[in-house]
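Chain lettering (A, B, C, D and E) follows the sequence in which the chains are written, and residue indices restart at 1 in each chain.
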Amino acid sequence: MNFTAVSIAMAPEHLLLAGIVALLVLEIVSEKSHAALPLAVVFTGAAACAAAWLGFSGWTGAPFPGQFVLTPPTAFAKAIVLAMAVPVILFSKDDFGEGDFYPLVLSSLYGVCLIASAESFLTLFLGIELMSIPVYVLVLMGFRRPESAEAALKYLVLSGTASAAFLMGASLMYGSTGSLSLASFGAALSSTDLLARTAVVMVVSAFFLKAAIVPFHGWAPDAYEAASIPSTAYMAVIVKAGALIAAARVFGTAHVAEPLAGLLALLPLVSIVWGNLTAMRQPGLRRMIAYSSIAHAGYLFFAFLGDGPGRFQAVMFYLAAYGFMNVLAFAALPSNPSDVERDRLENLKGLFHTHPFAALLIGMAMLSLAGIPPLPGFIGKFLIFKNVMAAGYTTWAVLGLVGSYLGIYFYLRVIQYMFMSPAAAATGHAPSRGIAMGASLLCLAGSILIAIVPAFFLARF
Amino acid sequence: MGLLTLIVLLPLAGFLLNGLLGNRLGKGFVTAVGCGMPAIAFAVTIKCFLDLKGGGWAPLSEVAYVWTMVGQDTFEVAFWFDRLTAVMALIVTGVGTLIHIYSTGYMHEDKSYARYFAYLNLFLFFMLLLVLGKSLLVLFVGWEGVGLASYLLIGFWFGDMEKAAAGKKAFIVNRIGDAGFLLGMFVLYSAVGTLDMPKINAAFMGTPVPAVSASLVGILLFIGACGKSAQIPLYVWLPDAMAGPTPVSALIHAATMVTAGVYLVARMSGIYLHAPEASSVIAAVGALTALMAATIALAQDDIKKVLAYSTVSQLGFMFVAAGVGAYGVAVFHVYTHAFFKACLFLGAGSVIHAMSGEQDIKKMGGLARKIPITFVTFAIATAAIAGVPPLAGFFSKDEILWFALASDRGGSVLLVLVMAFTALLTAFYMFRLLWLTFFGKPRMLKEVEHHVHESPLSMTGVLMVLAVLSAVGGFLSIPHFLEPMVALPGVRPGMDAYHYWVVGGSVAIAAVGLGAAAYFFGGDASRAAAVKAGFTGVYRVLSNKYYVDELYDRVINRPLLWISDAIFLRVGDRFLIDGTLNGLASVAQRAAGRLSRVQTGSLHKYAFLVLVGMVASLVWMWRHG
Amino acid sequence: MADATILSLVLYLPVAGMLAIAALPAGRDGVVRAFTLAVMVLQFLLSLILYAHFDPAVPGLQAATRVPWIPDWGVNYVIGLDGYNVLLVILTTFLGPLVTAGAFSAIAKQVKLFYAMVFLIQFAMLGTFVAQDLFLFYLFWETMLIPMFLIIGIWGGERRIYATVKFFLYTAFGSILMLAAVIYLVWSLWQTTGVASFAFADLYKARLPLEAQQWLLAAFALSFAIKVPMVPFHTWLPDAHVEAPTAGSVILAGVLLKMGTYGFMKLGFPLFPEATRLATPLIAMLSVLSIVYGACLALVQTDIKKIIAYSSISHLGYVMLGLVSLDLLGIQGAIMQMVSHGLVAGGLFLMVGMIYERCHTRELAAYGGLAKVLPVYSVFFLILTLASVGLPTTSGFTGEFLVLIGAFNAAWKPLAGTPGIPVWVAAVAVSGVVLGALYMLWFAQRFLFGAERVPHGPVADLNAREVSILAILVAAVFWLGLFPDGAMKRTELAAREYQELVAAKRAPAATRLTGEVPAEAVR
Amino acid sequence: MIREFLAHLDTLLIWAFAGCAFVSASLMLVLRRPMRVAIALVSCMVFLGGVYGLLGLHFIAAFQVLIYVGAVMVFMVYAIMLLDPRDESSGAHKYSKLFWAGIIGFALLAEALAVGYWNDLPHAPRGAAGEPFDILRFSEAFLSEYWLHFELTSVLLVAAVVAALAVIRENRRHDRG
Amino acid sequence: MDKVQMLQVLAASLFALGLTGVIIRRNVLVMLMCMELMLNGVNLSLATFAHNMGSAVGAVLVFLIFVVAAAEIAIAIPIVLLLVRRKRTLDIETYTDLKG
């Protein structure tokens, strides 16, 4: 196994690792330094660029055969995720000026990258854990509100359960196929013996748990709400992306047959309806987004009904569209001394009068999440349901679309509050920092690109 | 641009000029334009008539422009000038001009003088369009247009809700007729494939006859005619239309517009000749209308109302003629009626003018000496309508009675008896009117009496002209003039003998009517009062016009409103549709509440949900094995 | 300059305008207004060039632009003019300046955002009309919702939130099902012919089993019927109209509703001919129901705007009737009726707005005898009223008359292979003529005539700006009433093509598809 | 006879250890005080270690005892000693409301998982068993094929340390304010 | 039943026991230990399979699981510490401030 191959193929990971080390060193040498943020941004950005470059150069290789593989699509997947992480890091300045936020985020990103190019369950497992473990802490970091510790614990316990289930599934699959490579999971999918099926179910339910699909969703609303805004954004976008990429890696291009197809259609459908309905009643933006993200997880898993290579494409494209807009919504949210007050929908009333630009951006994000054309969210949804129909699951597709209809209302409600209500008295919103604006503009640019030249992105996966 | 087009456009120009500039350029201008345009139009019409004559009565025709062309279907705005058109056009422009002149005097004080003349010219424009139109489409445009003009003119003094309402009523009742007209037109079009009236007539004359029931078309078109010409059941608007200025009543609601229905039937004779059922319907409706209106007229005290009902009644006469196939005769009566009824209305106008606005004949009397010219002309016209020979009315009415009896297209004894009786009533109530207005002692208030004065020359002159016309008009026999175009019906075998009976009869009728009126109203009103006392019930019914308006209100108006409000709005929109939707919305809201209550915050519960999820999935997996 | 360029210019001017407005400093409302008006006028003039250059003798697309967009889905960016949309494009650009000018005094708050939204909706509507690719069409179709949602919701009346949310959800529901149908349609096209394409030209050639057609037609029809709106999918309209600001109502009535009928004409019916032929009588009945129902409801309204709103429902019933008559006259009439209703209803809403600015109430009962106080206003109002009644020489007549003739042709001698329209349906449709007169005149009478009642009076008559707006409108109304031929020539070929597509039996096997607009169609 | 007994001794022991493991595992659900639970868990782990040993996976057994019992559980016991006194509820109610639901769930899940084993458990040749697993072979494979994961675990541990530190820091901030 | 089957069943039941413990026990620390129990179940299953088919991968995964388990506990305990400082109790049912 030659060394250059490793160093090239794992360039993004290496850069992230370097970033982590650098940040730790910085931490040691100086207690309070403002270099942390730029450092993190630089290394993440560099990693993203490296990934993108690998993708464009069409670099393909498996430095660790059967463990770690790099193909252009995976490279681009990494690039997208890292790119989405950059604005998150940027606008986290208000909440986590200094401290351990950045090394944690970077190591979590490292996990996502690992997932993207995992080839065996061992790598995948490490990736998932590496992604999740820092997030438990991100949830309570800043400790803006006493509940966040509780949320962290809930998340930790359930996510630990998820890992256990995942491993159980892996083990059973190992038992039935004799190997722990992802390819053998495809074999397990097609096999009809009960051991394999049990294995598949355990793995799938682990993914459901990580991606918050009803009824495995219990942790999500609490964790999202208790975490401070940047952490929420990170969870809603990147952790979800990680889970979905993992699922996509595991399923590969294998055909999903009944009865698993039924399972993969039913539970997501339930969570689409459930999430969209429950979100109507939520008083806070974060909790609302949590439920909406449950619904979005539903759409994303619909993509697995579709066949073959289209699957990964659909998942990644949707994640990109959904992710950028989600981050945008959070980045544009004006900062506020009180973490609880900051995202109370009541306080968003009349936001357009006080912070027109922020209101416009959030509004755009909401509409995109609702899947209203011409915003990117729509194209992603279109792609997914197109695949589902092409796979012949017409009824499921129609049901899913109708379910997505239920979601429109609560997004509209946010817009209604921001634009059509008189300004709420003394929300204490401070004008957003320039850096946060920069972050949101970054997301905006990404979204616009996706909307205008979707073909470009589609061709990458 | 051809002459025919010019005829049409002249009044339009008048309308535009007066409408846009009238208020700025002052009365003189308005008068000049308002009267000048119709006058010129009249002149041009005469020119056309001469051309027609010079051309050996070959119809003149010209295309103004192509309205639209869809595939092979062409709709063009074309004009057509034949004998029938000539008669109508001459009446319209001639009488029209006269009435314009009369109006200059009558409306002199009115502050919206310009608007008045603008409307009047607009009316002429549409009327000419109606008369000159070659295709049903153009005719219909005029048809609707005159409706609009009458709507505007009836509601001319819109400050008063009554008058505005009358205008609306006229328009809507007309619209009902027009709906029938449209239906007829569409049926015709999809059967014959053209709206060109000469072509349609030809199609029905020729063989094979178009594959559509001529009676259906005929009746549908006649519904339109009913609306325009105030026949049962659509006559109700005409009496109310008297709310407009009197010259308007004279022009629109007596001389020209209301006869459009008759014109339509005459014009479409090609169809009706093949539609015996439709024809008999027309005759029946005509007779009924004539009788009913005449009876109502007996009991009216408003001078204009009396004339209005007599108009309705006379229109009935015309339709009887048309119904029995004597289209020429119908047009003949249109022609004579135009003169004497215009004269009557204008005379009434002059009376009202003299009485400073009073219209109730109960409050008049003894005006003969005070306004002699008005009296004389009015008397002549009355005699004419009563059918006193040798005045115009005598000839036309006599012809109608004759054909009602003798026509081989549905003439019958019953019909002639009804018409004769109606004629008698006509003579009676007209003379009653004459007497109550001009003879006896004055019954008006003193100060009114002082102001009584003869109208200016602009009005009296017109009256005299019309009086002369209604006196001698009858000697020009329209039916024979139209013979080459619309042949008169044959005479039923063995009827010729009775012609003189009919003539004598009609003379007698006039005389009896005159006598009766003189007997009842000549001296003091006691005799009339006695009769009235005898028949109070009948009198109330008559004076209330058989309660038809009330009936319509109850049978049509209110149910429609009720359905719209109670059924469509409350049940349909609010309950069924919006109710369902709001119901769904609230269901969603409640579901949202339920679901978010699942999120109790207890980790145990979440973990349990996970367990349930796993077990369920596993079971699902090997159940569907 | 090539027509294609002009078309793109016309389409994208609003976007440019929107961005420019956003760039303008806040508080310079006067500048914003003037600028918007200028852009709108420019756009209209450009579109006039297009109208003039439009060649009635050429079938298919003109001034077309085609750019591949998402190749592997077969999505292309194709815009162009054809007989279907040319009049509607003109109508849109024509109403643009009038709306803008009409809102000068009405809109006081958040002027920038307002005109930005007007631009956006202008863009979306134009896009919907000129798009020749189903995906693109759907994008524009949905985009339109956003600005309308804001326009009603921000500048609307008291119950504006309810109204605007109702509007959005109502419409979105239709669109969702339509989306499903679109995907299914394209997918099955791909299955049958191996070509993935969203181009209308290709989709017309898709051969679907009847059952599938019926489902898809149902989905499309629902979406379009809601937009039209046809009874019983109409209840969003009165609320939206009543609560919307004047400009909103004008756009709504003027153009937006036409998107529904246009959708039926361009997509709904031609895409699924067999199903359409089966459904013709049903749709005809619904149309007539709309005519009568709308008229009756207009009769019992007490709110001025609601009267006009319901009259819109009634008038668009005629359009639908004309479309399903599948008779050339009927189709042409339907198109004319679309345009005419755009002008007339738009004008009426403008006038209501004008009076509302002065008297601050929409209660009909509060008014009376305006003819004495506001003579000029009353003249215009009366003209528009009569046009709405369909009086000859006004555009209203042209549409109604042709539609009804078409309906009767379809009833007596329907096109070969089409069920035609039941005679009684056609006959009932005529009753709309009477009902129309009934409610409009009743309205005009209570409004203009009788004793003077002017809330918050005395008020001034129309000013020069308003007079010129209305004069232009009325001129257009009469123009289309007296000389419709020029306009109808341009739509005739499209009408024929529509007739062909719906009525004619399809060529047995779909010919080899190109996945793009046929070359001969692009010019 | 003795020989046969010795021949089957390992099997018997495995059964015995497994049984004890199961018993102590179930005790974890029953015992009230956390400390006892911890001890039950420890014993369960030890028994499992025994099982591994008997299966010939000596190094796993070793790690089981070293890492789990040695590190994790000791840490846990410290935590218990630190926190249990502060627990004012002091386990007033041992079980949650979902007790019966949980029990039934347990039965179902265990059954559902076990179903697979009855039907389709592959019976690999016994001969191979235990053979590749002397510590030397394993560590060789580990360092040649799986050193990537070795590295990755170190990254993970770093992350974990940082995370833990972060939490501690939050604790400290909590003390301050 | 043979040895492997028995051990697998044991593994499964350990897993299930662990999950059940998480569901029914109220003491946070006990819940954490139950999580460990689940992982032990997994380990047993993996080890048995590894032994059964004589491939090293399973064993490696077991090794990784040890490490991860340690890491998770290392983070969990401080979090619990935070919780207890606030509410002075280990009863998870009292930590239900987030709901809805």
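FYI, a contact is a pair of C-beta atoms (placed from the backbone, for glycine too) under 8 Å apart; a residue touches a chain by one contact, two chains touch by 3 or more.
Small disclaimer: the values here were computed from a predicted structure and weren't measured.
Visitor: Can you name the chains that touch chain B as well as chain D?
Guide: A, E
Visitor: Can you name the chain that lies farthest from chain A, using the mean of each chain's Cα atoms as its centre?
Guide: Most remote chain from chain A, centroid-wise, comes out as B.
Visitor: With centres defined from CA atoms, tell me which chain sits nearest the overall protein centre.
Guide: C
Visitor: Counting C-beta pairs in contact, which two chains come out on top?
Guide: Per chain pair, the contact count peaks at D-E.
Visitor: Would you identify the chain whose Cα-based centre sits farthest away from the centre of chain D?
Guide: B
Visitor: Which whole number of Å gives the spacing of the CA centres of chain B and chain E?
Guide: Inter-chain centre distance comes to 97 Å.
Visitor: Mind checking the centre-to-centre distance between chain C and chain E? Centres are C-alpha means, answer in whole Å.
Guide: Here the centre of chain E sits 64 Å away from the centre of chain C.
Visitor: Please compute the C-alpha centroid of chain A, do the same for chain E, then give the distance between them in whole Å.
Guide: Distance between chain centres: 26 Å.
Visitor: If you average the Cα atoms of chain A and of chain B to get two centres, how far apart are those centres in Å?
Guide: The computed centroid separation for chain A versus chain B comes out at 78 Å.
Visitor: Among the residues of chain C, pick out those that touch two or more other chains and give their numbers.
Guide: As it turns out, chain C has no residue touching two or more other chains.
Visitor: Indicate the residues of chain A shared as contacts by at least two other chains.
Guide: Only 122, 126, 129, 133, 136-137, 140, 143, 149, 153-154, 157, 161, 168, 172, 175, 178, 194, 197-198, 221-222, 281-282, 409 qualify.
Visitor: Of all residues in chain D, which are in touch with two or more distinct other chains?
Guide: Residues 96, 98, 101-102, 105, 109, 112-113, 115, 117, 121-122, 124, 146, 149, 153, 156, 159-160, 163, 167, 170, 174 of chain D each touch two or more of the other chains.
Visitor: What are all the chain pairs that meet the touch criterion?
Guide: The complete list of chain pairs in contact reads A-B, A-C, A-D, A-E, B-C, B-D, B-E, D-E.
Visitor: How about chain B: which of its residues touch chain E in the complex?
Guide: It comes out as residues 596-597, 599-604, 607-608, 610-611.
Visitor: Spell out the part of chain B that touches chain A in their complex, as residue ranges.
Guide: 588-589, 591-593, 595-596, 599, 601, 603, 605-607, 609-610, 612-614, 617-618, 620-625
Visitor: Which of the residues in chain A come into contact with chain C in the complex?
Guide: Within the complex, chain A touches chain C at residues 352, 356, 367, 372-374, 378, 382, 385-386, 389-390, 394, 397-398, 401-402, 404-405, 408-409, 412, 415-416, 419-420, 454-455, 458-459.
Visitor: How about chain D: which of its residues touch chain E in the complex?
Guide: 11, 14-15, 18, 21-22, 25-26, 28-29, 34, 37-38, 41, 44-45, 48, 51-52, 55-57, 59-60, 63-64, 67-68, 71-72, 75-76, 79-80, 82-84, 86-89, 91-96, 98-99, 101-103, 105-106, 109-110, 113-114, 117-118, 121-124, 128-133, 137-138, 141-142, 146, 149, 153, 156-157, 159-161, 163-164, 167-168, 170-171, 174
Visitor: What residues on chain B touch chain C, complex-wise?
Guide: 65-71, 73, 137, 140-141, 144-145, 148, 151, 155, 158-161, 164-165, 167-168, 171-172, 175-176, 178-179, 182-183, 186-187, 189-191, 560-561, 563-565, 568-569, 572-573, 576-578, 581
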